[in-house]
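Taking it in order: structure first as structure tokens, then the write-up.
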Amino acid sequence: MTEKLDEWETTKRIETLVDGIFAIAMTLLVLNLSIPQLTSSVSNITVENYLLALIPKLFTYALSFIILAIFWRVNHQQFYKIKRANPLFLWITVIWLLFVALVPFSTSLMGEYGNTQSANIFFNTNLLLIGIFSGLIWYYATKKGFIDKELSREKIIELNKINLLLPIVALIAIGASFVIPAYSTLAYLAIPLVKWIIKA
Amino acid sequence: MTEKLDEWETTKRIETLVDGIFAIAMTLLVLNLSIPQLTSSVSNITVENYLLALIPKLFTYALSFIILAIFWRVNHQQFYKIKRANPLFLWITVIWLLFVALVPFSTSLMGEYGNTQSANIFFNTNLLLIGIFSGLIWYYATKKGFIDKELSREKIIELNKINLLLPIVALIAIGASFVIPAYSTLAYLAIPLVKWIIKA
Amino acid sequence: MTEKLDEWETTKRIETLVDGIFAIAMTLLVLNLSIPQLTSSVSNITVENYLLALIPKLFTYALSFIILAIFWRVNHQQFYKIKRANPLFLWITVIWLLFVALVPFSTSLMGEYGNTQSANIFFNTNLLLIGIFSGLIWYYATKKGFIDKELSREKIIELNKINLLLPIVALIAIGASFVIPAYSTLAYLAIPLVKWIIKA
Amino acid sequence: MTEKLDEWETTKRIETLVDGIFAIAMTLLVLNLSIPQLTSSVSNITVENYLLALIPKLFTYALSFIILAIFWRVNHQQFYKIKRANPLFLWITVIWLLFVALVPFSTSLMGEYGNTQSANIFFNTNLLLIGIFSGLIWYYATKKGFIDKELSREKIIELNKINLLLPIVALIAIGASFVIPAYSTLAYLAIPLVKWIIKA
């Protein structure tokens, strides 16, 4: 099923771009934690209260950082096996990265308006799209034979199942956005449970 | 036609700089999607309206992200073949990167004032210059014999033609800026068509 | 003591992510040095006074840059030896990076409110957590046998001791935050002394 | 003259950090080209005037981008030869990077207040310090024998001379800051001339 590929279509430089975009997106998350510039001299209590009010934003920062790390790890696992590419494969990866690079914005939206339905739907849809394209990368690469031959059919199907994990949780979170917007992101804490169900 | 080169003039570290600047420029695009910081507690409808008003900026974000990815891919293809360098080659690459790193600014200009002629001309001229210098990289490298020998004359000419693709589309978009400023960037959707004409 | 590992769990791409996040966090520190945008034309004295008032922020910039470089160097030293990984090891590293990426924020907090106790406690606690997780990376890797075999038991213990250095200094700085908040960060200048005591 | 080194003290990961910090510093320069957010609908002339007023900032952007590229190229040339390191060598490199990462700030200062003496002295002193530490890297590495043996004494001295180039030009620019502040940076255009004098 492998098609004829241009020799330069390897995944080495794609990996470099992926690692770069993840490193930057993960570090840009911190820019959402801006501090107000008070011109007058401030008391210790003012700063303390300010930091306490920052706790929801710190939670969103940690959540987004860890979710991005999960997606990076999944990609790490996929690209260990995927060694060739074609133009369509590259474009699926680029669209996936487009949604990855959007996470700092979605996160800032959640940090400011995390108690509104709209912000929750936007954030969870962003994660859903990352999950779908991450799954597409693996599905397309296995279909086109871009992976090492020695990977068994069972292993490929198992990895396809794992790829369903984050989209499913994101869908649950989108549903929760309509009922309990302020707590929809807690759905991601259910990942270990869903992981166990899929594997069972 | 190959000249005597200093042994350290390889393209390995240039590639690292290129990948780094692309990854950062692509991720910085997201900073244009800033959200207004409303101090009062906001309703869901407010956030929803705000997000709907953001759609043109999201379109510009996606367009710039994909155009940068196209240029990165072209460079990826070029540098697979180019293995040596000289000072002038490095400087052509640096000027090219200077215009690449300018894209987040051009994009923010389009996001804010995309319906004005000036913004469209600035944005499209930026892409035109990236396209021209990208073409120069390939033209100079082939002229100086910095590429692998086994590349046929036909292949080199074919790649020179492909390098004309983006400058041509950028020129069309600049022209369109004078007639229909708000829609000039739609010209880039014509890339598949122009690609077909050039190859024909 | 080595467990069965998935073959793809190497530290090569983790290193790339670590280097990326450090390079970005170290460069983002500079964003705290913002200049006021005065619309009227300003005299030379105004700019001079502004730059003199910036000296404490420049000190904080340099301090954070160097502390991040110290942690990067420790990681560099650790990962030269650590060649394998498992999921838990990866997650310890990710949490460590989460606190590394937080440093530009802690630094901006210190730059604005460095004379308050709260800002000093936040900054020093951030460094304490980086130090603890940096130590955990080494402790867990040696316990699980992820390092090269030829490292002697004495060397491992010595490196475990070095890992205590930064947490100890951070604890001293936290203590100092309660007494002399504006000068708590001077504790980090004591690093050479503590280094000498630990080795003795 | 070579001392006993820890085996892990190679320059491979230092190179990665250097390339990362340069790529980010060069791309962050663009953040100085911010556009005013006008809430009312603006005419084409308004945007055109705004862009014309931006020309001095675009010049400063290009100048800083190219100067950083020059320093990156010098480092590229140095590290092709330097293969080992010790703690002091690493710290010289870190201090050098500290001043490299400061360039986006110096540039923004020049972009806003480029006609004042203070801004010019700050900017040129920043470049002077980068030049001095860049020279120190090469001087220390050759003195300690961290470079490949086959480099002739003449070549080492020649490269030491080249390292004087940027500090000399920076000193000229600092001098010019006292006489013609608004044009001090034009001194850098004299680099090709000074290069010719040093080599003669």
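Order of writing sets the labels: A, B, C and D. Residues in every chain begin at 1.
Here is the rule we use: contacts are C-beta pairs under 8 Å (C-beta built on N, C-alpha and C of every residue); 3 or more make two chains touch, one makes a residue touch a chain.
In this text, all values refer to a predicted model and were calculated from it rather than measured experimentally.
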Most remote chain, CA-based centroid, reference being subunit D: A
Fitting subunit B to subunit D on CA atoms, where both chains share a sequence, rotation angle to nearest 5 degrees: 90
Same or different: at the subunit A/subunit B interface, is the fraction of residue numbers used by both copies above or below half? different
Rounded to the nearest Å, the gap between Cα centres of subunit A and subunit C is 25
The distance between the C-alpha centres of subunit A and subunit D, rounded to whole Å, is 36
So which stretches of subunit D touch two or more other chains? 16, 20, 23-24, 28, 31
Partner subunit A, residues of subunit B touching it in the complex: 15-16, 19-20, 22-24, 26-31, 33-35, 37-38, 42-44, 46-48, 51, 61-62, 65-66, 69, 72-73, 76-77, 80-81
So in the complex, the part of subunit C that touches subunit A is made up of which residues? 6-8, 13, 16-17, 20-21, 23-25, 28, 31, 90, 94, 97-98, 101-102, 104-105, 108-109, 112-113, 116-119, 122, 181
